[in-house]
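Chain lettering (A, B, C and D) follows the sequence in which the chains are written, and residue indices restart at 1 in each chain.
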Amino acid sequence: MAPALRAAPEFEIQKWLNTDQPCTLEALRGKVVVVYAFQMLCPGCVEHSVPQARKVRALFPAEDVAVLGLHTVFEHHEAMGEIALKAFLHEYRLDFPVGIDEPSGDSLDPVPKTMRRYNLQGTPTTLMIDRQGRLRKQKFGHEQDMVLGAEIMALMREAPEESLGQQAPPEEKTPADTHHCSDESCPL
Amino acid sequence: MAPALRAAPEFEIQKWLNTDQPCTLEALRGKVVVVYAFQMLCPGCVEHSVPQARKVRALFPAEDVAVLGLHTVFEHHEAMGEIALKAFLHEYRLDFPVGIDEPSGDSLDPVPKTMRRYNLQGTPTTLMIDRQGRLRKQKFGHEQDMVLGAEIMALMREAPEESLGQQAPPEEKTPADTHHCSDESCPL
Amino acid sequence: MAPALRAAPEFEIQKWLNTDQPCTLEALRGKVVVVYAFQMLCPGCVEHSVPQARKVRALFPAEDVAVLGLHTVFEHHEAMGEIALKAFLHEYRLDFPVGIDEPSGDSLDPVPKTMRRYNLQGTPTTLMIDRQGRLRKQKFGHEQDMVLGAEIMALMREAPEESLGQQAPPEEKTPADTHHCSDESCPL
Amino acid sequence: MAPALRAAPEFEIQKWLNTDQPCTLEALRGKVVVVYAFQMLCPGCVEHSVPQARKVRALFPAEDVAVLGLHTVFEHHEAMGEIALKAFLHEYRLDFPVGIDEPSGDSLDPVPKTMRRYNLQGTPTTLMIDRQGRLRKQKFGHEQDMVLGAEIMALMREAPEESLGQQAPPEEKTPADTHHCSDESCPL
């Protein structure tokens, strides 16, 4: 028997941009939620995730699919504060809600709280949460457009209360092999 | 009330390549069928459709989704015969079934029979046929990967006998504006 | 008769990164100098200029061709300070010298001094300076790789003291048409 | 002392297309000649060489730089005859002269004469011949635009009678590792 799907942990956000009200998963229940965890100075995020996120936002109806950014800064904190992020969102014309992940509060721990809670391996990471609030995908690195389109549609077609009995997403096992970002991603 | 969806007309094929038996729509009933109508010397087909078709074949399970090529030659007939097409399929490593559209039989009519029957506007054209054998998409020119992935998944999730009541695909209205192919497509 | 070529005005730099000593044009006399004026949050700079600058650095010998960055911030000043720029250079693996253009000193004038002096229209802008220190190209927006390669080689093949009698580079006339950056460039 | 540069062997051409008169190297003496050896069904040729050749033709003056195609068919001969090639040149809008390499005349030897004479390893191959008719570059596979632009300019700037004393182009050593074409090239 497949293990039960776990509910996606709630985000812990310092501040939301591009929205008047916080985007809790609680409030988004009933929608498919596509989350891009990124850092504004991560080359792979800028090259792949930003255009892909814009495409998802443009192609799927907002009443069915929420697109969120999650700014999970785990390096160069001084370079990627709120002011810098706002300039970035403006220049890259991202207008969906972006949450600034809550810093750990521990000066020795550079990893912010939501990133820790989801055990993200780095940026970019794509999360997909179904209409019932369960985590269905957690992918570190770039995902193909065609795959993502198919997966979003599959979740859209599930009823909000559907009983699934599906497997939990597989554990990601990507080696953290560099001290700084590659062109594709920034490992933790 | 939405108009009833029409059954996709059967293909009229001179010869099938890459397969031992003809791929009739009748025989494929129950699967989603993605058809790439192309010409081997159409630049837009080579640049966009060939890689996209390979991606569809690689990403979706063969028991649910059939991928077919349809070689709809309507110009330069002498340059795109069976021998040339076989070399093309070999070099571009296309291994799904490809049907050679049956010539009109009328020396004054360069448009082959299936192309005429579907009223295709040129190449590349993507067709999508649902599990019940009904035509659900007919798109002249390039389609985005993300859109295509979502649409295939939507049809995969339909039951073979599901009652749809959906609208017929909209009429394509793209002006045939050139005497030869653009980088994107070859209008009829 | 062609107008005499003007000497490239000296840069006015607040601070140099990636180098122990200032890169004055005076000191670079005898080399071809390729300068990328950019802003770290300008999408066109990141997409086009950064990879192109890396390519120029990799392909041409350092004893003949100097490659410099010029960080000409004219908007979002608080987001693109020295700390942020250092993180950017690290993440995008740029290791050639980058000068931070000296701010105007006038709180009402966002345009820094070297940018003003060269009358740059925005970012990215590519400058090329010949072995005699004369400005030979000033191009706002993206330049094709093949053109740039040819132009650099042409200047490399000039003797340091060659008498030229060539025309000054044409005035760039690109309309500043937007309030923020396009995908290609950030007009002033 | 560097070995003397060898004169480029004359082409042996069955038929020239897109030109009224044969393009002998003899007749082109005084110009830089850029030659694209290709096959119309070689994916790497279509993806990389065709656009690059068009760019070279568009960017360099015809009085200094000749651009030629050389159709060196060494496989699928029946699929790439003159009629097919003409259709290809039409659809891909190539309007510079293209010579059909003379078949070997030996039914056991699929390699045509000019290809044999230059000892080409496969397609695409780029040849560059200087103003004095000497072979200066022979590169199997794709060359970067920036490199090619620089090399063409370097040859343009040489006097027709300049004494060079430069090295012959290095021998290409690329393993012929496949039975058919890769996306990049078709090895012999």
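Here is the rule we use: a contact is a pair of C-beta atoms (placed from the backbone, for glycine too) under 8 Å apart; a residue touches a chain by one contact, two chains touch by 3 or more.
These figures come from a predicted structure and were not determined experimentally.
Trainee: Just to be sure I understand: going only through chains that touch, what's the smallest number of steps from subunit A to subunit D?
Mentor: Minimum number of steps from subunit A to subunit D: 2.
Trainee: Quick one: report the Å distance separating subunit A from subunit B, using the average Cα coordinate of each chain.
Mentor: 36
Trainee: Report the inter-chain centroid distance for subunit B and subunit C in whole angstrom, where each centroid is the mean of the CA atoms.
Mentor: 49
Trainee: Among the residues of subunit C, pick out those that touch two or more other chains and give their numbers.
Mentor: Expected reply: no residues.
Trainee: Please list each pair of chains that are touching.
Mentor: Listed by label, chains in contact pair as A-B, A-C, B-D, C-D.
Trainee: Where on subunit A does subunit B make contact in their complex?
Mentor: Those in contact with subunit B are residues 52, 55-56, 59-60, 144-154, 157.
Trainee: Which residues of subunit D touch subunit B in their complex?
Mentor: Contact set of subunit D toward subunit B: 41-43, 46-47, 75-76, 78-80, 83-84, 86-88, 90-93, 180-181, 186.
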